[in-house]
Amino acid sequence: MDIKDQFTQLPHTLSKLKIPRFRVIQPKRKNPPGQGPGTYYINDNALSSKLFVYSYDEEHLDELQTTSIDEALQFMAHYPERSHWLDIKGLGTQEVLNTMQIHFKVNPLVLEDVVNTYQRPKVQDYEDYLFITSRMLELDRGLQLKNEQLSFLLFPKLVISFQEDYDDVLDPVRNRLRKSVKGNIRALGASYLLYALMDTVMDHYFTIANRLGEELEMIEDHLYQKPRKLLMYRIQGVKKLVISMRRAAWPERDKLNELLRTNSVLITEDTKVFIRDAYDHSIQAIDLIESMKETASSLLDLYLSLISNKMNEVMKTLTIISAIFIPLTFIAGVYGMNFQRQDPVTGKVLANNMPELYIHNGYLYVLGGMLLIAIFQIWYFAKRGWFRD
Amino acid sequence: MDIKDQFTQLPHTLSKLKIPRFRVIQPKRKNPPGQGPGTYYINDNALSSKLFVYSYDEEHLDELQTTSIDEALQFMAHYPERSHWLDIKGLGTQEVLNTMQIHFKVNPLVLEDVVNTYQRPKVQDYEDYLFITSRMLELDRGLQLKNEQLSFLLFPKLVISFQEDYDDVLDPVRNRLRKSVKGNIRALGASYLLYALMDTVMDHYFTIANRLGEELEMIEDHLYQKPRKLLMYRIQGVKKLVISMRRAAWPERDKLNELLRTNSVLITEDTKVFIRDAYDHSIQAIDLIESMKETASSLLDLYLSLISNKMNEVMKTLTIISAIFIPLTFIAGVYGMNFQRQDPVTGKVLANNMPELYIHNGYLYVLGGMLLIAIFQIWYFAKRGWFRD
Amino acid sequence: MDIKDQFTQLPHTLSKLKIPRFRVIQPKRKNPPGQGPGTYYINDNALSSKLFVYSYDEEHLDELQTTSIDEALQFMAHYPERSHWLDIKGLGTQEVLNTMQIHFKVNPLVLEDVVNTYQRPKVQDYEDYLFITSRMLELDRGLQLKNEQLSFLLFPKLVISFQEDYDDVLDPVRNRLRKSVKGNIRALGASYLLYALMDTVMDHYFTIANRLGEELEMIEDHLYQKPRKLLMYRIQGVKKLVISMRRAAWPERDKLNELLRTNSVLITEDTKVFIRDAYDHSIQAIDLIESMKETASSLLDLYLSLISNKMNEVMKTLTIISAIFIPLTFIAGVYGMNFQRQDPVTGKVLANNMPELYIHNGYLYVLGGMLLIAIFQIWYFAKRGWFRD
Amino acid sequence: MDIKDQFTQLPHTLSKLKIPRFRVIQPKRKNPPGQGPGTYYINDNALSSKLFVYSYDEEHLDELQTTSIDEALQFMAHYPERSHWLDIKGLGTQEVLNTMQIHFKVNPLVLEDVVNTYQRPKVQDYEDYLFITSRMLELDRGLQLKNEQLSFLLFPKLVISFQEDYDDVLDPVRNRLRKSVKGNIRALGASYLLYALMDTVMDHYFTIANRLGEELEMIEDHLYQKPRKLLMYRIQGVKKLVISMRRAAWPERDKLNELLRTNSVLITEDTKVFIRDAYDHSIQAIDLIESMKETASSLLDLYLSLISNKMNEVMKTLTIISAIFIPLTFIAGVYGMNFQRQDPVTGKVLANNMPELYIHNGYLYVLGGMLLIAIFQIWYFAKRGWFRD
Amino acid sequence: MDIKDQFTQLPHTLSKLKIPRFRVIQPKRKNPPGQGPGTYYINDNALSSKLFVYSYDEEHLDELQTTSIDEALQFMAHYPERSHWLDIKGLGTQEVLNTMQIHFKVNPLVLEDVVNTYQRPKVQDYEDYLFITSRMLELDRGLQLKNEQLSFLLFPKLVISFQEDYDDVLDPVRNRLRKSVKGNIRALGASYLLYALMDTVMDHYFTIANRLGEELEMIEDHLYQKPRKLLMYRIQGVKKLVISMRRAAWPERDKLNELLRTNSVLITEDTKVFIRDAYDHSIQAIDLIESMKETASSLLDLYLSLISNKMNEVMKTLTIISAIFIPLTFIAGVYGMNFQRQDPVTGKVLANNMPELYIHNGYLYVLGGMLLIAIFQIWYFAKRGWFRD
């Protein structure tokens, strides 16, 4: 799925969208207040779990897709010497969670956090295993940002991942796992796999940020041509997404830093070099996101300046036309008045009340006067620079 | 009491509220300056105390409701092996406070803080007991945020809680206490109960934040349709409440952090795991509140942009109509002037003063000229893009 | 002097104030640059010193009011076992300062700071004594904030305080000193007295903050009714005072914190518990001040939004009326034109030039047309929502 | 030169300045990029050096003014027991700099910084000597802020100072040196002299800040009377200067703090007490500068509010007059139309086409109707509060 | 290439640019997400590598230009005692990168960062060598800021530099290398060379900042004359560049600080003195950049104030003219009405319907009345200060 392609035609459909809304789809805390800790309810609209097992060593890779957690466990038991990745998509199957608690001895507080998918990125060290949460961001066709929780359990030779949905951004890791025989990903065990998964999630932040960056550049181009209201909506929308990304990226960085400094034996020294690399990436991502936030703000300022400018231009047009014609209309009105003195005898109108009306060529004199007034005003406005810029 | 339900009909009543005010009801420092420390006056409008005692162990639970502190003490004395929760609602009974000082040897500085209900969340370790204050937030029907003080005294087997009002948000804890036989809340003693109470208070922050978040979304929807003044008032109102929540949430986090790091024996190690969980919640709550503050600010910016836009639109309408008709009216005025030359003999008006008036079809020529002027102007405004957007 | 009462009638006099200015009266650095350190000049308009001595122990209290420092020293020498408070009001008597230097061996740098009353709150430990400065704030009738320096010297059994003016906010301490026989203030010696004085000063911050808070609430109420320019001035004024308070409150907090952490023997451990209390108060005061600053800023934003709104409303009124009547006036102007063709023989005006004028009921047709145009425009504006809100 | 006096008459000349510009005169980095470190070029427009030597001990003071560095060295060699101040004004004489390098063994990097006069305030410890730079600010008649570099070399018994220009703000130190026989400045050696020089520079920050503060107060007074464009320029100008001061003051404070914490033997313990005093001054100066920056910003906000207000007032005037007279003009226009029906026989105009025109007293009825419309509109606008404030 | 000269004529071409855009040309992260670390793809439009070798000691310098990395290695092998600079321009030759990995044993993660030219400035210590990245900024004719990556590998006697393009800003270093026989640059080895290169890059920040500073001053001058839209675009453009510089400068400073504190033996103590100097430069650059950002923001504020002012002026013009002439036109309209009463017998118009029309000199009275109204209005507006600025 190439995100870039989807959006290249968007600008053209711009004018058709009535109220563009850049939405963030994000889980909310739904459990009622006062609930005991470590109790977790499977969400009503949670998807039933699909399990994907990858059992690998430097030379072999076996995969299994199933919906039965028991089958998955048996499959992994076949290859006790290998590393495993148990990828659980969909959090709707109670049995899977129970197995976690019973078979893997996972603390109920952890499972509560797995199910309540609004956790901030964090690392928790439970000695036998590490519990790690990431925010996996995806930007879909309609510029909606899906903010999904991706939880990991890291055991000595096993990574268990939990996802809310069936689709994710982890395919590149799967491909490397399949193709890079004897490569790092096959040789360096579970903690390297964990790194690879987290780094791929972080890589996706760049993809999204670049996409939104292009959107901002496009908006800027349009803005310089004409400050349309639609563009302002779009800036606001991008800003909303960027702020949302920022909220995910900062704790992601802290999490990676914590992983770097952990003394858990589950993270091998070999892997730490790579986690340092991922940490660098997270800093770069934050840098990029912060600069986009700044860009969005300054585009909004630009928009407001342009609107002010435009208002100024409109007002100047109105003022120039009114200022020129209103006085002239007044003069015309004066000579449209019906003052008259009639000769009491003949009933003829006498010229001595509005004498200008009866002057020879008075009409032309008045027209000429009007022209002079208009010219004076145009000259005055030109001098004040109203016609420039 | 389901907060959600109360507000779902609010949008419909929106237009009926004349000046919506989102108020914060918060105690203010009322004691006169220079008063000696440790002196406390019962507030004039303080409610008389109602006492609720819960004495429990893993298998038993006995409750008592009374207004006599002595009765409560006797009740607890019956079950010396059990843990107790003495819930005091209403701070208006002097006798209760005296008992604290005499029977429980509570420092007068503590009682001063219990009675002066404007304390920031804090923990104070008095060796024999811990004194803890929380801010309990409640959002009522009329979008008023009640910011009440909830004080705790934690003794080895006893939690004493002090509330200003009779109603609170702690029912979920009472229910768990009653129902979860052998559960953590019954087995882990007083410090766990304290945790459960503080966590429930913190949970309520989420409920309110979600409610206000929905309000903001509703406002955003309305705003994109039409930037009404009422919406701006509502944004300002929500922002006010959010800022108020923020002031409560930050020290609440610090307090939980301090509890985590305390080395008081009153907080058992078992409980600290849960307090760490509550601390995580407080960080999430702050995260949510900060992002709502940001949202409210950007909605206000949006409102101002829309107002500017609208003003622009209004001005353009005025300018277009004026620019077209004012010059035409001037022309009509010119030909309404009464310049004339009368034949001195016949009294007939001669055609040689305003000759256009006497041209054959002059009237049609003038109308045509006016039409041309109007068309030119419309073309000009169209070219400048005044009719788009 | 009850500050509250003075202001309750202010709102009514609001409209009479022409340009309300909320002033801050604050000493400025006046000594010429490059002056040697430790040289101090008595200010030209400094008041001559009045001395008040309070010599007390748990059971006795003797007071003396005098203008002679020698008399005061002799008075204190009578009660060598007691604690003393030497309260010096007015810094204009050279002899008093000399005595400080000679009798009490006070460093000239300290006396320079006592006389130059623009010091920030600070603590300086000179081993034999502590030198402490506070900012004492008073809000007077005309909403002027007096920011006075209150300096203390703490000796083992003696507190010396220096004030610029004769009136202060310390009466509550004097009353406690007189009344609370065997109370803490009489029993706990000089460092407790110092605490009591500083705490009373800090208490006054709350009084002022509450007063300004009421002002802001009043302004908000008025603002929602009508955004008058006067209100904007008042907001700006309150903001100015709040910023000034903030500048005093933050270092005040730092000072108290430093006192808490000092290891000077002059501050007894008994007193430190209370200083911790005062420190808590200072944090609460800062919290309150910061939130008032935020409120003032958001009221200013509100004011600007309302002004924008109002401008919009004014413009809409103008545009609607102009848009309706300008075209109609044009039509009327057209039929006011004097195009005519006269019968060359009879001099009669012929109907074939402006034929509409001679149509039967042409007048009514035109009036009807005008009505249609007006109705169309009103409908158009209504559709665009110009009449709502 | 009394800065205060120079400006007191400024307000009166306000209206004569066409475009007031508050300039900052500040050296810029001019050397080409990539130059080797420690190479310094004498600036083309550098002034030739004038040397002033002050050789002093507690009882004696000898001064020398010369342009020859050799003469100065000989002069100082006469009094090997004394402390010396070698004040070098003008950086244009190569020989002087060479002597620094050869005779005093000063590092070329130091001399580069002396010559390139855009250094931030800093301290560098070269063991044998300390190198210190200060920013010396001067405000001249035309409100130009001269930001000059003042560099010091501190040797055990010698202070060398380098200035760009011939005039400075250090006269008070020279006077104290001359007058205060046996005073600190004569007794405490070179490091005290260094302190005195730096403190005098810092004192001048207060002088300038007070001057700009008065300017802001004057602007505020004018602003409340009438928001003139000139005032806005002045606020912007003051703000520019204040920002420039701020950039100098913060590192100045850091520098003093670093001097306080240095363990160089060149700074005696006696002097450190005084440096602490200077450090306090720098904090006060920053405090003052920051509050002026805040004041300038809020005056700009005030200006914009007032402009908005004024625009509102202008628009209301236009709208009221237009709204009243445009409809009335329309009515007058209607009765100015020439609809008529002539009696085909008599040529008389018949009354049945615009019958109102022929009603008895129709004219008065119309005038009355117009009056009613006008009264209604005035009442309407009054009700909406357009005439108040 | 003298940057200064290129721009001096720009102001004159200002009006010809239609939409000036100040662009930042900056590499973007282009590799697909999820890629394994340490894999690097040569960019499609990367330039083929040109190699420049400088082998030098205090007395000798030999240079080589080639495209073959093997040739370069052989060349350097000739002078094993000398220091070398291998300057690689263009990153498009795979063979060069392979040699790095094989011959110099450079970690693939490093080469990935060399090729992906969007790294933030950083230092990485790989024991055998240091890996350092800088951002090299260049401002071209069209005010485009090129933000290129310059990477360094520092070995004991060798600096390898990698550049994206063939042109750079490092010529001054090359010249010093050639000319300054026995100078520091020839004597102090590879780490000094590294310092010289980084310092030259940093020096260029000043050149650009000074250029943009001049642009801002020019804009300010123009702005005070007339607030043209073009100027606003230019301010926004400069601000964009400044923000971009800021993003490069801050991590550059951190990098230099890290180099200062490193304990790698590759950086000699002799060099650290100079790195400290470069670090000081970076602080000065940041100081300059921050102050330019502030200036740009305040120019934007100024622009908006001026636009508001101008709008006010336009509105006042409109209002004054409308307010004066609209009522007068109304009066003229009234006396243009055709009310009449004809004598039923004679057909003569009787004077008793609009009697003013028949008053002797009625016309003059009306003209006089109009004049009075106009005078009154002008007086009224003058009194309200509408004619003054």
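The chains carry the letters A, B, C, D and E, assigned in the order they are written, with residues numbered from 1 in each.
Simple rule for what comes next: a residue touches a chain if its C-beta (ideal position, glycine included) is under 8 Å from a C-beta of that chain, and two chains touch if they have at least 3 such contacts.
Quick caveat, the model's predicted, so the values are computed rather than measured.
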In how few steps can one go from subunit A to subunit D if every step must land on a touching chain? 2
In whole angstrom, what separates the CA-based centres of subunit A and subunit E? 26
Chain centre separation in whole Å, for subunit E relative to subunit C (CA means): 42
Going by residue number, subunit A touches two or more other chains at 308, 311, 315, 318, 322, 326, 329, 333, 336-338, 354
When the ring is traversed from subunit B toward subunit C, the order is B, C, D, E, A
Quick one: which bits of subunit A touch subunit B in the complex? Just the residue numbers, please. 19, 21, 28-29, 32-38, 109, 118-120, 122, 226, 228-230, 232-233, 236, 239-240, 243, 247, 300, 303-304, 307-308, 310-311, 314-315, 317-318, 321-322, 325-326, 328-329, 332-333, 335-338, 346, 348-349, 354, 357-358, 360-363, 366-367
Quick check on the complex: what are the subunit D residues that touch subunit C? 169-173, 175-176, 180, 183-185, 196, 199-200, 203-204, 206-207, 210, 213, 224-225, 273-274, 277, 280, 283-284, 287, 291, 294, 298, 301-302, 305-306, 308-309, 311-312, 315-316, 318-319, 322-323, 326-327, 329-330, 333-334, 336-342, 347, 353-354, 385-386, 388-389
